[in-house]
Every structure is written in structure tokens, then in C-alpha cells.
């Protein structure tokens, strides 16, 4: 019950005019970036990071959460209106959302997506409040060996997820690891991989690599496709913004099913929003009385996956906040952001900064409400945004990326790194090398190394410590089980993406 | 044709920019030469470089200084965090790359100065690269163990360590970090071989504290402020504080001297330094301003809030203290094998 | 099935092996700092080095050649791609000398001209608006300490 009191305190913190404004601004900015074609939550969080750094940690993170939710919603807007999914988790939304839009019912689809996301977000948050303190309580018992096994397993599961050959995924992961090692070593205090250059002693800044790989590479991709020359896809006129009573009635059960499914699978590390969104879509098709409607504009086909998508994202906060385990790239960026603020997710966070954690959780509730209130009437405006020509958007994205990378450490070296990784990201994309394992290893690499070395220091160099401690052994056994489940689900999702889009899409 | 025109305009603009830049620069240097006795300082924005991440002790102290002095001087003071490399990246930037004109000031602590020099036989940044301005604040060292640990006094604990040196696991941030020197000095005073104890590397004070709370290491040594949240939550307890008087935050915790251990001196501090060839007038300006600041009630209250103690030392005393500390630590590091 | 020396797999395999060797070398130089084989800063460079070499070799000698054809951009597209990257690098340099406002204005104008293919006058106009907004947001409101260059703004 303690957590309810904490949460109420958190609400008290959030509901001040300034904090509300911050949440509102975060949601708006997030939606703004999410609506831009090709930019999903991962890039949105990475390039908007500098905007949050003037604030104190709690407010910065409130804004960050708003950006995250907002960009997810923005992504579904482009999916419905233009048939362009911002992230792979919006692919199922396009299947029925775009046909609905063509029929002139874009408003209904967007409205249902907003409502579905809202309900799923709330359900996910309730789960977060119930589970997180429990996990955090147990988590102090987790020592370095436990964390090491946990992270290693999470990585293995995530590797498997990319939809590319395992060999390429592993190599990319190893390379991510390699880049994370540059800088001062933890146990000796000696610089590693610096080759005598002083600018390398500080290591690479994760955020600048992520901005390069996601935002700059995306712009280069757009340049190659000559998006500026092509007549922009005419977004469909939105006649009626609000969904009808009939729509609401039809989608109430799908929203519920999608949320529950998305949340419970989302707690498990390695089950991403893409997986649950597809599962929810197929589930709706299966239980529907007239499955032939799907793909031609069934409102249930929007409600189910959109809710699952959002519930999974909320569910992902549980392993992130209580154990420090990100289950998807946007959460990995969020983890990196938390570390910039000097907040290391994990049991310590709940012990030492519980006020901040509960304020953030409360702000997520508020953010969801704001998004709902905001998005229904603003749908038309967001749709207009998609009209801005690429020739203006691309330079703006590049300039913001520049500021974003510079401001993390106020270092020009980081900017150069970001540009180089922009080129690399473009080439990786061209040659079908997955970047997600790279990013995850880059973020988790230092932690995995720390936990491994700490374990070895505790056991005087005996590897048996990992199976001798009961919790660590349990994790290893349990992990085997999750691995098998996720492999099966992943195969399925890979096949479904191929069916629906006709290409091997990297997903997360 | 149009393009060519534009290009030439741009080039012209650039040339103009460069020229005007040069002219303003030479003008200011002239002025400096003439008015060397009573210089006008500061006349523009000052950058306060924190070589650590935002939110830590040094950062919070730097922000209080920036708050106070920007009002005092009527010039903006921006705090810039340049973390990485154990404080060396930021120090390199402020002391070696920036102009020694007093507009880039470094906020240091002992882990990036005295301890770094003592622990490294070949340091990138030396003590002599600094011109120490004044000490700002200090934090009291405390020894923490798990709440349900069997020792109830620091004396008991020291006896136990004497009997079982190889059972003592303790956490440190970096091999030549703050905790390492504190523990080394303590072990030396009770006659225990440093290399027999087990060192576990830690990511920071909160990581060390959590490892003690979870029972993964026996001892952590950091400042009182850094331990406060977990002590208040009842997860860890403090055995002793290392200061002449008891700490106002935890008045029940005895000092190391009360526990019969004299001569333990490792304590945390943060202070300002400038590049070695900065004009003395500027150093004096800063020192005078800081001296005034340390008497300000608002400022002292601010330090209390971030759980630090005011510990002002003027330029001469500060430099001397740093020298002494470096000598002590270098001796300690050589004897215990910390120095690499 | 002809043997191709410069296929994607050969080149990437080769690079991966090189990086692996580099990592191994770094592990070796760090080894003397630690007492134990499994504790210390050399462990992960060594481990990752070994794995990279193994996987690099596997990639290099992989039999299957179901490589998809990858079309790299040519001609005008390549030119645009390369010049935008060059402009960005140039921006990094320029900002050191002229500060944020001037360099951003020039960079934005060039990029908008290059990517959007507007007329110069329009490009500069749009760039002016963008720079103003960015200046207010990043410098005035967020106080990001960019190098100030020759100007005080």
C-alpha cells in the first residue's frame, strides 16, 4: 500500500502549473517528431535530449516520458494517414488504418488509436505500480553475478529478434561492445583503446552514436530516395475527427484484449512491442465474426494492435526501472538518458530516489491524459505537418541532431562521431547489417563488463559463482524458457512482417 | 552564374568575419597590457567547468557558486559538465585547451588532483598545471556496513579486520579513488596488509552503498551526504565519521578519533582552479569574491541542503594544503601498491 | 561459382578480423595491470577480440553466396549525399570560428538549397527563420555553451 501513498505524493509534485507545462511540452514535441516520416521514438528521445537538460532530473525525465509517449502516438498518425510506419511496431496499424483513411474515416481510426493507447497506457501503468515495488524490494538481493546473468540472457534474446542472420547480429553486437570499451577502464583507471589520443580517453558518448545511427542515417536514406523530388503522398482529408458510438462499441473489447496481452508479454525481457502488436492483430482477426473485413478497414484491426503496442511500452518500464534492463531500443536510449542524469535504474533508484521515480510514474498518467485531450482535436494539425516538404525537414533534423550531440558533453568530438556514425548507419542499412544489437550492446556493454568483473573480484576469479548462488541459477534456468518462447514468437513475427510488407524489415 | 555570385558573397562574408574577429582580439589584448594594475574583470560570460557528471557533489557545489557569483558580478556564469576519464577530460579542457584569461574556471576535487597524481606514475594533468584559487566545500568521510552486520562499533570492526583481513571486501571507484586512499590509510594505522583485502570496483557512491546494503561487499567508504539516503532507509549503518567533531546530520555516529584511531585524514573537498599562467590579479579577484561568498547565509544554507560543509581556504593555504595532501598520498600509494 | 575477392562478405569479414585483432592487442597491453586472468580491464577486450576474430573468419569463409544485389547511389544522388556530409563537417569547423548564429545560418542555407532545391534567396530566408528559432531555443532558453568564436552572440 506504501506505493499508493508514494504515487499520490508523486501526483502532488506533477500537478503544479510548471510541471504540467513540461509534460504537455514533452508530449507535443514527441508527437511532432514522431509525425515526421521515418523518425520513431528512438530518434525522438535521442535528439530531444538536450531540450530536457536545462531542467532538474525529475522534470527532465517527466518530459522524456512525455516525448516517448508522444512519439509513439505520432508514429501511428503517419501509419494511418500515409501508410508509413514510424517504427516496425506500427506496421499492424497500417493494415487497417490506411484503408480506413482511404474510406474517409481517418478521424475514426486516429480517434480509436488515441483512445486505445490511452486505456492501454493506464492499464500498463497500474501494472507498473503493482509490480515495480515488489521487484525493487527483491532487487537489492541481486548482486553482480545475478545482474550479469540477467543481462547476458536479455541480450541473447534481443539478438535473436532482429530478423537478420544470427551471425551478422552477433558481429554487430560485438562491435557495439567494442565501442563501449573505449575510455578509462574501471578497475585499473587506465585509458583503453585511446592509441595516445586524448580525445579518446573519455570514450564515445552513446547518445551521439545513437543520433548518428538513427536520425542522421535516416536523413541520408531519405536523400537517396529523393524524397524531396517526389510529390509528397497526399494525406487524406479528415472529415470527422471523433469516432462514432458504433466504432467505440466495436473496439472496446479489442482494446482490452490488446492491453492485457501487451502488458503481460511486455514485462518479459525481449518481447517487444512489434511482437505483441502483431499478436494482437492476429488475435482480433481470429476472434472476429467477419475476418474478411480485416485489411479492408476494420476498426478492430486498429484498436487491438495500437493498444498492445502501448501496453507493451508501459510494461517495458518495469524491467527498465527496477532492474535497469531495456527491452527495446527506445528504452535503451531512455536508459542512457537516465544515466546522463546520474540516475542508474535498478533497485538503487527506488531506494535512493523513490520520490523521483514516483513523480515520473505519476507524470506518465498525466501525460496519457494530456495526449488524449490533445490528440483528438489536433489530429488535423498533425496531419498537416506531414505536408512539410522533405527539403526543409531534412536540414532541420540535421541541425537539431548537431545540437543534440554537442550538448550532452559539450564536445565537438561527439558531433564528428555522430556524423561518422550517420554514414556508417546508412551503409549498415544498405548492406542489411542490423543496428539494433549494436545499440543495445553499446548501452549495456559497460554494465555487463562491470558486473562480470565485480563478480570475479568477489569470487577471486572463479566462474562457478554464477551457478553457486541460488538467484543467479534460477535466472539461468528461467532464461532458457524465455529464450525458447521468444524464438518461436520471433519466427512468427518475422514471417508476418514479410507477408505484410514484402520485405525483411529490421524490427525491435 | 547566380551560384557563383552567392559563393563569392559568402566568401567575402567569411573574410569579413575573420578580419573583424582578429581586430577585436588585438584590441582587447592591448587594453589588458595597459591596465594591468586594476583590471576590469569580469566583462563577459564565465564558464565554470565541472569535470564530472551533473548531479554529483562537485556539480552541485559548482552550481551554488555560479548562482551566487553571477549575481555578485552581474555577469552570467555557465556550468559546463565535461565528464569522463575520471575528471581528466574536463581538466584538460579547462587548464590546457582554454585561454588562461580567467573566463574558463575548473571546479576540482581530490580524486582528480591529489589522488590522481599520487596514484599515477605518469599523470596527464599534473598538480603544477593548476593555479589553485580557493577551497569551496568539504564532505566528511564515513565508514558504512550493512544494518544487520555484527559489528556495533568501529573498534570492533577494526579488530575483526585485523583477525580476518582476507574476509574484508570493500568497494572503490577506481583503483586510486577516494575510498582506496581512505581505506589504505585506515588499514595502515591498524597494521593490516592492504593487498590481503578484496577490492571490488564500483561505479560510484550509490553503487557502493547498494552493494553494502545487499550484502555483496562488507564495507564502503564515502562522504556522509552520499550515504544519507540508504542510512535513512535503514539499509546500512555508519560505524564512524572521519572528522574532528561529530557530524550534524548523524550526531549518534562517533568520530574515528573517539574510536581510538588517530591520524586518519582522508576527507573529500572541492575547490576552484585556473590554468597555471593565469594573471595573479584575476586569481585575487576570484579569491576575494569566494571569501565573501563563504560568509553569505544563503550560500551556507545551500551547501547544507546538498549535504556539504563550507571549508574555505584562500589561495595560499589551499595550494599548501594540496601540496601536503599530494605528498601524504603519494607516500601512502607507494607503500600500499596503489600507485601504478 | 566464381571466387570474388571483393564481395561484401570478404570485405566485412576482413574488417571484423582486423578489429578483433586490435581488441586482442589492447587486451594484451592491459594484462600487466591486473593480478588475475579473469579480473581486470583486459578481460573484455580479450574476450571480444577472440569472438570477433572467430565470427570474422566464419563470415570470410562462408560458402553460401545468396548475397542480394545492393545498389549504391550514383551520379547526382551520390553528389547530394556526399556534399551534405561535407557541409556538416564544415559546420563543425565553422562554428569554432564564427559561433553558433553565423555558422548555423550558412549551414542551414546550404543544406536547404542542396536538399530542397529552392532558389538561393528562398533558402536563405528559410534558413534565417530556422536560425532565429534555434538561437532563441538553444542559446537563449537552453543556454547550451557553444563556442562563441569572434562574436559575442
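Labels A, B and C are assigned to the chains in the order they are written; within every chain, residues are numbered from 1.
Rule of thumb we're sticking to: contacts are C-beta pairs under 8 Å (C-beta built on N, C-alpha and C of every residue); 3 or more make two chains touch, one makes a residue touch a chain.
This is a predicted model, so every value here is computed, not measured.
Farthest from chain C, judged by the mean position of CA atoms in each chain, is B. Remark: the per-chain Cα centre closest to the mean position of all protein Cα atoms belongs to A. Separating the centre of chain A from that of chain C, both taken as means of CA atoms, is a distance of 23 Å. Centroids of chain A and chain B (each the mean of its C-alpha atoms) stand 36 Å apart. Contact of a single residue of chain C with at least two other chains is seen at positions 33, 143, 145. Touching two or more other chains at once are residues 53, 186-188, 190, 410, 453, 457, 460 of chain A. Looking at chain B, one finds that residues 80, 340 touch two or more other chains.
On the side of chain B, the complex with chain A involves touching residues 53-56, 80-86, 88-89, 92, 119-120, 124, 169, 174-177, 198-204, 206-207, 209-211, 213-217, 229-230, 233, 235, 340. Per the touch definition, chain C reaches chain A in the complex via residues 8, 12, 16, 19, 22-23, 26, 30, 33-34, 36-41, 43-45, 48, 51-52, 55-56, 58-59, 62, 68, 70, 72-73, 77, 80-81, 84-85, 88-89, 91-92, 95-96, 104, 107-108, 111-112, 115-118, 126-127, 130, 134, 137-138, 141-147. Here chain A touches chain B in the complex through residues 53, 57, 140-144, 183-184, 186-191, 198, 201-203, 340-344, 346-348, 351-353, 409-411, 450, 453-454, 457-458, 460, going by the rule given at the top. Residue ranges on chain B touching chain C, taken from their complex, read 2-3, 6, 10, 14, 17-18, 20-22, 24-25, 44-45, 47, 78, 80, 340. For chain A in complex with chain C, the touching residues are 50-51, 53-54, 167, 170-171, 174-175, 177-178, 181, 185-188, 190, 192-193, 219-220, 223-224, 226, 228-229, 389-392, 394-396, 398-399, 402-403, 406-407, 410, 412, 415-416, 419, 422-423, 426, 430-433, 449, 452-453, 456-457, 460-461, 463.
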